[in-house]
Amino acid sequence: MILHTVNRAPGSHAALQQCIQALSGPAALLLIEDGVYGATPAFTRLFHRLDGTVHCYVLAADLQARGIDALVDGRFQVIDDAAFVQLSLDCDKMVAWY
Amino acid sequence: MILHTVNRAPGSHAALQQCIQALSGPAALLLIEDGVYGATPAFTRLFHRLDGTVHCYVLAADLQARGIDALVDGRFQVIDDAAFVQLSLDCDKMVAWY
Amino acid sequence: MKIAVLVYGSPTASSAAATAYRYARAAIGLGHQITRVFFYGEGVHGASALAAPPQDEVNWGQRWQQLAQEHEIEMIVCIAAALRRGVLNQQEAQRHGKSAANLAAGFELSGLGQLADAALNSDRLITFGG
Amino acid sequence: MKIAVLVYGSPTASSAAATAYRYARAAIGLGHQITRVFFYGEGVHGASALAAPPQDEVNWGQRWQQLAQEHEIEMIVCIAAALRRGVLNQQEAQRHGKSAANLAAGFELSGLGQLADAALNSDRLITFGG
Amino acid sequence: MSTPDKQLLVVVGAGPHNATRARDALDLVLTSAAFEIGVGILFRDDAVYQLLPQQQADAIDAKSLAANLQALPLYDVEQLYAPRSALEARGLDPDNLLLPVQLLDDNATAALLHSYGQILSF
Amino acid sequence: MSTPDKQLLVVVGAGPHNATRARDALDLVLTSAAFEIGVGILFRDDAVYQLLPQQQADAIDAKSLAANLQALPLYDVEQLYAPRSALEARGLDPDNLLLPVQLLDDNATAALLHSYGQILSF
């Protein structure tokens, strides 16, 4: 299983779209840094083509820093740094989209 | 008159779209650096909302470096560095989109 | 598990150094080993000894130094990327006729082979882009 | 015309320094005056004396030095941005207890007032973003 | 205060933690105000994220930008603008921002750029 | 050549003159090949611009990336891929590229990522 991370804001940068276009399950998609803006409802349409074998996560600290912890779409599981580490080990390899 | 410059590739970055959305004539729009990819036919749809009071330019050296001088859409006037200087002086002020 | 980390982003123009640091600290906290951190591209600026950020901002280079010392982490800075950006040790400063060196203690200049090796011989390689 | 230039991009992570240089040279060729170049944000890395790019690549800092010397251009590096990124002159190196200075000759550390002044008191201010 | 043709508009397009762009823009605004230059700010595109309340920068060991933004009125910087479309595209509530910004439709944003004597963008 | 699970895929998403990303990716590929590590390259999104013929880097005083890319076959790096959709979205002719890349539909691109033992992205 591949872990995909995205760290760019979807309002300015195509990294999230590019990742989703090249992604097939089983996979984990983790939004970090400015990528966490992608977990807000305004961008849910980007995720429609993903099926149930792609699990979506978002990093808690980056949400808090940006004041959007209360805006996260239900598709996402909010995880802390330790869970990020565990996720990266549960996956065989990773692709960073930036 | 305002000179708007855009230096990001439209395939990865929203700068060109963002510029066009906030632009009204009379104005000059100059694509430079990776922004020159925006002068190729694949992106002409982005320019449809501009009227005849917005003049579109693209920087010659950046086209040549990227091997796309033969692909420039007819809407654009290809200019050299000296013409860039003259254009920046013909305008009162500039906004760099990046 | 043995984990290697790639930092490919400027400490001031990206969050790569900060996020990678938080990841590494969490991994160590869970009992894993961070074997090597490789700084490449703009990431090499994080190895400058001369950075003097405001007192209420974090100096990420210093944070990495401390973590590396406490947990025996190799901190490798890509030598080609560093030369191009003006991050030099004494030896390279002399070789290129430069007036000073600025590579922070605890960091080592080396080649890309160290990254290729980390990719294939660690249990995981985690990339933090810029 | 009196033209000021803002370079707001790393010389290695953006083309800002290169494009600004070509613009400045063309302006001088047309008989205009480049009064000041202000390096801000990641742009301050362009003022490092330690950069040692491969011999077949341009050292943009050196190009700026030559142009500035020939045409009496003020080259101002934002002091706050430079400190944060480890670009220091002798005085700042001493003040912050750093082992060396690395600001290239011909560049001067100063405050943001020099940018605000350039914006309002030049005929044009041309920004090259990163 | 200076005449309109000598006023400066600082345009910022980056979120609060995207490099130092937001802080660099703000520092230029505060410097200009200290020099008694009339100065306004346009928060375009992702920069509207700077205006969100409840940002906790310490969660990522960063310095709070919001605290500095909220000090703008103390420096008599009161020409604060944001395109309504930038907030809408990001699903943000214009009634819940940490600064009193004037919301502009896209035509008004374009007109704003024309109205200032000088523009600097980040 | 190494077994598939020990092979490395270098994914690059940047054009030829966007920072040093393209060159950094290529340098890692050449280093890996020198260490006799099996290595492939996926040119995704804007990276397909690297494959355009007739780039004249000297027009902006830059070093030619194309020259180095064309040397890849000499180093036995022959696993070269690009998504067909990336070329189409940019209006580029797949029959006029400076390297013989294998074109993939989006499903095949996703499958490619799964097939390599390790991935590094730029």
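For clarity, chains are labelled A, B, C, D, E and F in written order, and residue numbers in each chain start from 1.
As a convention for this text, a residue touches a chain if its C-beta (ideal position, glycine included) is under 8 Å from a C-beta of that chain, and two chains touch if they have at least 3 such contacts.
Just so it is clear, the model here is predicted, and its values are computed rather than measured.
K.L.:
Spelling it out: a chain qualifies if it touches chain A and also touches chain D; which chains qualify?
P.N.:
For chain A paired with chain D, the chains in contact with each are B, C, E, F, in label order.
K.L.:
Considering B-F alongside B-E, which chain pair is linked by more C-beta pairs in contact?
P.N.:
Looking at contacts between chains, B-F has the larger number.
K.L.:
How far, in degrees, do you have to turn chain C to put its CA atoms on top of chain D, rounded to the nearest 5?
P.N.:
Fitting chain C to chain D on C-alpha atoms yields 180 degrees.
K.L.:
Count the residue numbers both chain A and chain B use at their shared interface, divide by all numbers used there, and answer same if that is over half, different if under half.
P.N.:
same
K.L.:
Averaging each chain's C-alpha atoms to get its centre, pick out the one most distant from chain A.
P.N.:
Chain D.
K.L.:
In whole angstrom, what separates the CA-based centres of chain B and chain C?
P.N.:
38
K.L.:
Measuring centre to centre with CA averages, how many angstrom lie between chain A and chain C?
P.N.:
25
K.L.:
Quick one: chain A and chain B, Cα centre-to-centre, how many Å?
P.N.:
Spacing between the chain centres: roughly 33 Å.
K.L.:
From the C-alpha centre of chain E to that of chain F, how far is it in Å?
P.N.:
Spacing between the chain centres: roughly 40 Å.
K.L.:
When you check chain A against every other chain, which residues touch at least two of them?
P.N.:
Residue numbers touching two or more other chains: 11-12, 14-15, 18, 33-34, 61-62, 93-94, 96-98.
K.L.:
Can you list the residues of chain E that touch 2 or more other chains?
P.N.:
13, 17, 19-20, 45, 60, 62, 117-118, 121 - these are the residues of chain E that touch more than one other chain.
K.L.:
Send over the residues of chain C in touch with two or more other chains.
P.N.:
If we look for residues of chain C contacting two or more partner chains, we find 8, 10, 12-15, 19, 22, 41-42, 54, 57, 80, 84, 125, 127, 129-130.
K.L.:
Okay, what are all the chain pairs that touch?
P.N.:
Touching chain pairs, listed by label, come out as A-B, A-C, A-E, A-F, B-D, B-E, B-F, C-D, C-E, C-F, D-E, D-F.
K.L.:
Mind pulling up the chain D residues that touch chain F in the complex?
P.N.:
Residues of chain D touching chain F: 10, 12-15, 18-19, 22, 54, 56-58.
K.L.:
Touching chain B in the complex: which residues of chain E?
P.N.:
11, 13, 44-45, 83, 85, 106-107, 109-111, 113-114, 116-119, 121
K.L.:
Mind listing the chain B positions that touch chain E in their complex?
P.N.:
Residues 2, 14-15, 18, 21-24, 93-98 of chain B touch chain E in their complex.
K.L.:
Using the touch definition from the top, list the residues of chain B that touch chain A in their complex.
P.N.:
11-15, 18
K.L.:
In their complex, what parts of chain F are in touch with chain C?
P.N.:
That would be residues 6, 8, 19-21, 24, 27-28, 31-32, 34-35, 37, 117-118, 120-122 of chain F.
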